[in-house]
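First chain A sits with chain B, and in the next complex the same chain sits with chain C.
Let's look at the complex of A and B:
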């Protein structure tokens, strides 16, 4: 079978049925469960995509990016500013979000990717915080008042938008974006030589350099790509939620959630962010719906992180692979430290 | 060596770490097609020399010429793509990838198609006799297999010169012999080798010429028998003993 065969073509028989069943369920979701669950679904898809975007730089490349959430906010504000300040349609805002995120990420990548381990984490965290403060004082972002986006019309050049501008519509937009992110990750990081080079520089940067890999260039490419993906989700979120504020879309908790989701699911794996994203998002939503507190899940997440790091450092994926014995844990814990250059 | 030309040459190559001069004006010329051994006591500057030549350290003085071009201060990946490959003292396979993926990670400028590259991986793995574990994760390989994989990755560069840092260290005698056979075979096909090795039996059978380092200086050069009789070499290894039956420890 050729290397460029479609994903589903590579799957063994049983998995193909599972894949098809999940695809049908995702496509029919809003019609099966209604608008409330469509909203839950679109949130889950968004967070899975965001966790995957962090996983590109954090999991595959081993760079602990604590400022990644800033690009979600940048995407939101780029789209919002294009729509509010300049009156462009969302599509232009979406394109602007990609361009702004790519340019900024590149400018940030040049100095910060010279750093490793905790130094890189601190530098990116500081960047995110400074961007939030800047957004709070700039007029173009709405400052402390935030930015109200126009609700898009239900027609586009005279043609009715499918499902109008509703939860169902945004559910499908997120489904497309999340699927595209997963396919991109699968192709680039699991099948393409680019992904092997990214993993190589994570495992041993000197060895990678000695094998002709321009590690500086590859790191910048991964960082820019991961930031652009986060920005695309930010722009769609802003379009959907209609009102954005720096304290919401540039909040540190956004990065924290991405990190936790990728860590719990399994770093540097294709499906880890799906499991981690679903677990954390559903815990948050369920605690909000059934326990009346949107923060009740946080202590539980704290316990889960401790359990994961101590007993299953390779996350849910590691548990599914059966890597839960003492030797596996010791080995995985060592690899986790090495991955982030913390040992 | 009348029909040979110099492929790798350092002139007064110097590397300092603070007050320590790890490489002190090292001038050394490696002929195309030879196997050059580098020996010397621990701390004599052998690995620093490798790191400076291959671009991992910025030299404090001197020049490096490779295949007729000055390459002083080039980045390691650029030198690797130019045809100067190297391995490390501590083997470092990319553990979370298969053997085949380790090989495919190598980046060259030779314009090979994806298929050609995959075919080349198959050829090299077969040559090194590790094709049966091509789809196994590198983390499960034995130390000797990891050494072979490391050599295989370097061969993906189609290098003119390969610099090997202790290729026989920690390898069982059978595998050591296999590695040496591969080096000889590749050398017969035209690949030049520069080898650091502490095992003098290996060096004796492997190297055409041996360079001896001591305290960051290049103190002697010649075939193995010549350097083992050299006064300066005896001094470096044995601390000044002059008994007639003393020689470089083999």
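Let's look at the complex of A and C:
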């Protein structure tokens, strides 16, 4: 966690202790609660990272990417193909996932980012679906049989590592990836000039253009960055889950979840995806245990989204920050009531 | 050598399939172009309509056709009550109103899909019908399956009724005025809430009853919606945003592409080919293949 030291350094005193406590808890997590909770923690970290990757393009840049899950799958298949078809270790697969995702995202970005709003959403959605179809037909992805990845000790860096490639190992890999994603988002979007450019083009593209911002270039950069981040999680997930199939890792539900998490947490905020990701992931995982049905979380999330959009467009973060108070809800309800004047 | 008998049968199937898509595309195009509502729930209306057919048909002597009037009424009422919510989301002092509208209907779609999945389970159900079975064999051409023919006729007549209402009645004029300029329409004394609700209700009713027809043609399953959402978007892109007559051509193009790809290339490649076409159209001719819609940006 030494990389986060500069962040902590800038925080006020009491927040510094919170940060330290959370860092210690996260580091000790698998040893404190055992392998079941390590698995839960691993999933939560992955989804928080994925939600953040969607938040970059969807929240900060305001481009609703409904095909983002495809890059998760591409990362998975890039790593899978490198390990299974060519016999490379995971680190090579990981690098390949980054390269493939970056190249593809750039090729997609050039024509697709000319579209905005719903058209961008449809085009990216269509792209993701056709990639899934292609993965089902192609031979290199295993087609309808899927791919089984090796997980022996020498598959990490090529020579045998002295520790087990276990759940605990994957927990720490996800922890590193998720922390890196958070720090990257913090520096690029909250501290760096780049973030201000991105937000400017989201709020008013023409105005941003007139201030000398090359919006096309910035949009492409954000898109490629967010896609690469999703692909890195995909490659680790593929290795962790051992067996990947186009119907699993390229499923539209993956994109849906990222969107829902980022939205519920608060679009275009650093910490929003953490809250949204935790909430949705836990709802989904615990749905079968506490709600008596493994799918009941879906309608629940649907209602949550509608209520959020209606009354708290800035998400959980907005409520926590006090942007959405009781008066706002009352005002909203009153205005909503007036719109039911139908006769 | 191309088999002529097979060829004409493929054309027939494609045209009738196109008729089914027209049914969905009409209402969606209306909502998209006139109301500026980008509705991700369109496929889920189809799905819920099909499930209403599957659940209610046994109560009406196992005849799906009799369910259609009920579906029309229920969907109109529900749609009319959903529209004010969407209107509220897309107006007012919130950031990115149109994106919020998109996200709202996305939530609605998740709610409907998840709700049906939770209540009825993941299995598909049949929508029974004894009236619409078999096919009419036309010598020299091929067979016209009755269900698909009736569905196609239903879709095209739905379009004609919509066009008549929009261009020949006072209510239609009010809706077109709202589409031009919402604020000015209100200043002219139009109750915009009422007419927007009528338009959205009509769209929901048509889409839901299309769902019953689709249920009778294929079956009803909780996961079927996504495909029709995609097709509805494709039709609007092909037809040109807000240009209703283009919907027929878009439906025919979609249906023919699908049936020809399935026979001559591969059933697995249908979506790939469709997506490729859509992508090219979006990028080359953003106002639809006829170039008469609003510019897609």
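Observations, loosely collected:
Basically, the second predicted complex is superposed on the first by the 303 of 343 C-alpha atoms of A that agree within 3 Å, B and C clash if a C-alpha of one lies under 4 Å from a C-alpha of the other, contacts with A are read in each partner's own complex, and residues count from 1 in each chain.
The rule is short, and it goes like this: a residue touches a chain if its C-beta (ideal position, glycine included) is under 8 Å from a C-beta of that chain, and two chains touch if they have at least 3 such contacts.
Note that the structure is a prediction, hence the values are computed from the model and not measured.
By the touch criterion defined above, A:215 lies against chain B but remains apart from chain C after alignment on the C-alpha atoms of chain A. Of the two partner chains, chain B is the only one that A:207 touches; chain C does not reach it. Residue contacts after overlaying the shared chain place A:197 against chain B, while chain C stays out of touching range. In the superposed pair of complexes, A:136 makes contact with chain C only, with no contact to chain B.
Of the two partner chains, neither chain B nor chain C is touched by A:262. Of the two partners chain B and chain C, it is C that touches the larger number of chain A residues. Applying the stated contact rule after C-alpha superposition, one finds that A:335 touches each of chain B and chain C. Look at A:118: by the touch rule set out above, it reaches chain C but stays clear of chain B. Of the residues of chain A, those at positions 335 touch chain B in one of the two structures and chain C in the other.
Within the complex, the chain C residues that touch chain A are 32, 38, 80-81, 84-85, 87-89, 92, 94-96, 98-100, 102-104, 106-115, 117-118, 191, 193-194, 197, 226, 230, 233-234, 237, 266, 268-269, 271-272, 275-276, 278-279, 282-283, 286, 296-297.
Contact residues of chain A toward chain B in the complex are 3, 193, 196-197, 199-200, 203-204, 206-215, 268, 335. Those residues of chain B whose C-beta lies close enough to touch chain A in the complex are 54-56, 75-78, 80-81, 85-88, 92, 94-97, 101-102, 104-109, 114, 117, 153-154, 156-157.
For chain A in complex with chain C, the residues that touch the partner chain are 62, 64, 111, 114-119, 121-123, 125-127, 129-130, 133-134, 136-137, 252, 256, 259-260, 263, 293, 295-306, 308-310, 313, 332, 335-336, 339-343.
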